[in-house]
């Protein structure tokens, strides 16, 4: 496994510096791992995202107008420490409070929880919405223990638009909760990514096996299956989403996201999209917009996930709001 | 090598259908392999791009407002046939003529040349600008035999903006020629991609060797070197570009593109960008904007390329023009 | 055999020996996390205890709590991840309970462990049996409570054994917390990586005291 | 031994035998392109000759040129890539020269090859020695010119040998055209994939006629 690195243990720190260079002035470092928009409107309700690095462009590539105001970055695959989150919270806070929006992983939950306490002690109002879109990780009855995977892309985009228009933190929480509750995902792993510091694969999988419902670090879900065609896989994944508790049916409108976990090509994502479109068309479900590509990655892991966000009259105008960030831009 | 495909020999046809689904109405199929914007202004000078598939998101992911008007797509790694190019030409032509803009490969040149003759026979005015940004593929004295690699991204974006404002085909040709002449790239291969129909790797390279100046299909360039750090590699690649015949020095402004060839992670691209920024800052060269990611790929090939486009007072306003496409969007 | 108390400076030395031991266990801990999680537990612990080492080396401690709290702060600020929060909280909460304490004896050790357990369980909500580091921590904490009347030397031996036991028990458990949760039955047979770390930490304390 | 001419229907049969042969040579041709190019030459040829087979099978040809031209059009429209253009042009230009021809004899075969060479060289600018399919084509074309006074059977044997020779010579050449150009000296030792295809095509013609 050849990787372009300098000191493998400094990969996270170097990539964050490179990310700030990529933002080219629009984003500023507020501390190690803490980055925020250079200019935030004076009375804005702030949106802070964050999580481990190594999954680029999430989360820290999603800062910009109509997207997040800042991000707290941890080491590779590790939630950010509370002090990093606090630095980022201070940088985005404009007195109207800060929404913490991140994926539901034990490490993130605990570190953000400590940071929220520290922020509250400084008089900063903080609310939290957890992203738990992965239907494979727990049954609908136990939603709070589902993990966040690629669905965070549409959710952060909708949250970014909501943060532009929300007049207070409560309104933002309720809009983002709606976006979160209307989003479902499920993924498949074909082959592992590797941990930059050790070069070790993140999990093992036979040459002809695939992991249905695997998480973005290789956490297992529904189970291991035999390799299959793109169409058969699309059928299986769409079934898993549509069988969940969010009713999506005739006449509904959805956003579709086909997310590559890293090395799965745009070609393969497009072939899967073709089938997903055919299935939805057959069920008279309308595709409002499509997102596709390596947006939530696990290094060079192969595999993809499918996410649907059901749009209603509240979410549609949020989706239509222009936004700009390294990971997602909409004219 | 697990790939999500149905019939491997139909990969190109299926991915083009999926691509049209991804465009979700804004782009229409004008024939097998030929796609074009559904709505093109009545008196627009048209911009047509094209080439083999398998390198997504180029070229066919670059259609949209402020970008290309249409694309002619070949099979995987194969230039499109003349009839496909002709279909696409007819679809984009609004009577003001069509600029063919594509990478300088024998197959593309011959097929587009035949298509240009067929179009001329129908009374459609066609001009051509070839993209030849790869400094490793031939000396500056033999520029016409250089190949086109990742530099085509900034060139197509600038061309798209130029096509919005050009009053005739000549003006478009001269603006696009300027963009082409001001762009230089060089790449490095870490490991091969694979040919979808056979699963065979596109080239071979030792576990500790890298190919400096390799093309996007594995065509060799300057030569094989030992694996090195991200910083050492960035130094080497930047030197190769700055040693070329385009003077870039103190006070100049450049676009920087760090392109992943497929499975090279955003993390690695960012670490390389950090070094490139440091080198340019040291030389007092200003970074006007940065592009980064898997924009010109060769399936799951690992490696990256660096491109610089030197901006002058003609090109800057073109760069600043908003644009939207699947592969690149600018607010 | 130590039947006296430990001074703040001895506790500092003891923590430094834990730092070295954990740093040297990186591969083993990451490998354990590769079985159940994302394979980075050793890297996080190495990062944390490298930071803690620097922090603690610079201390001229006046109280026992000061050493533990400084360790916890360093872990908390440098690691991130689930283990950054729980390991940081373990030492921070435990240390706060010994803020005024100038000599570590068996009752103080037990107070440290009680507070550490409360801090970690309040933070992450894990209970014994969930297959987390809490199992090893509770093993130590219960042994500490049972040892309040013993010598400090005996108390350290007991908490080390309790932590090891707790860690061993995680092998047979189905994970119900954290990344391993989705593995279900497949998590059986492997020790929880965080529990392994806790067991290494308390066994290194015991070696410092009893060797 | 054939010392008569070929009818349009016999030329059709001959082309169909080329189609089968090329389709079966996919792996060999792709492998040759993996050495010097992007590894897809066999795939393109397979695609093209599968399309040509369907097209030509449906023909009820009145002239020799009609068969060749239909072949060229099918290749041109279905293949793409460098070989789609040059192979398509070979049959199209050659076929156009025999539009009025109802019986293929040695002089007509030579006219076919002259026109094919001109078409391909005008399109791509390659000269003999550039290590392309032109080397094999020119080998055949020169043998065809030398055989205008021979029987058709002898002429076919000669052009097959000429194509093989031309292909063999490409092994020693340094590529100056197409993808292999940047390989420089490293291109020595491998035959040009397109030349290999041309040699297979003309040898299959010869087998059809002389076996």
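Letters are used for the chains, namely A, B, C and D, taken in the order the chains are written, and counting of residues starts over at 1 for each.
Criterion: a contact is a pair of C-beta atoms (placed from the backbone, for glycine too) under 8 Å apart; a residue touches a chain by one contact, two chains touch by 3 or more.
All of these numbers come straight from a predicted model, not from anything done at the bench.
Novice: Just to check the components: without chain A, which chains are still in contact with one another, directly or through others?
Specialist: B, D | C
Novice: Taking mean CA positions as centres, which chain lies farthest from chain D?
Specialist: Checked the centroid distances; the maximum from chain D is C.
Novice: Averaging over Cα atoms per chain, report the distance between chain B and chain D in Å.
Specialist: Chain centroid spacing, chain B to chain D, equals 32 Å.
Novice: Measuring centre to centre with CA averages, how many angstrom lie between chain B and chain C?
Specialist: Computed from C-alpha means, the inter-chain centre distance equals 54 Å.
Novice: Using mean C-alpha positions as chain centres, tell me how far chain A is from chain B in Å, no decimals.
Specialist: 28
Novice: At least two partner chains per residue is the criterion; list those residues in chain A.
Specialist: In chain A, residues 76 touch at least two other chains, as defined above.
Novice: For chain D, which residues are shared contacts with two or more other chains?
Specialist: Not one residue of chain D touches more than one other chain, so the list is empty.
Novice: What's the contact topology between the chains, one of line, ring, star, complete, other?
Specialist: Graph shape, chains as nodes and touching pairs as edges: a line.
Novice: Strictly by the criterion at the top, what is the full list of touching chain pairs?
Specialist: A-B, A-C, B-D
Novice: What does chain B use to touch chain A in their complex?
Specialist: Of all residues in chain B, those touching chain A are 2-6, 11, 14-15, 17-19, 21-22, 24, 53-54, 56-57, 61, 65, 76, 190-191, 196, 207-208, 210, 227, 229-231, 233, 262-274, 277, 287, 289-290, 292-294, 297, 299-300, 302, 304, 322-324, 326, 329-331.
Novice: Sort out for me which residues of chain D touch chain B in the complex.
Specialist: 27, 30, 34, 37-40, 43-44, 47, 76-86, 88-89, 123-124, 177-183, 186
Novice: Could you please specify the touching residues of chain A with respect to chain C in the complex?
Specialist: Result: residues 9, 52, 74-84, 105-107, 109-111, 113-114, 136-138, 145, 147, 195, 197-198, 200, 202-203, 213, 215, 217-221 of chain A touch chain C.
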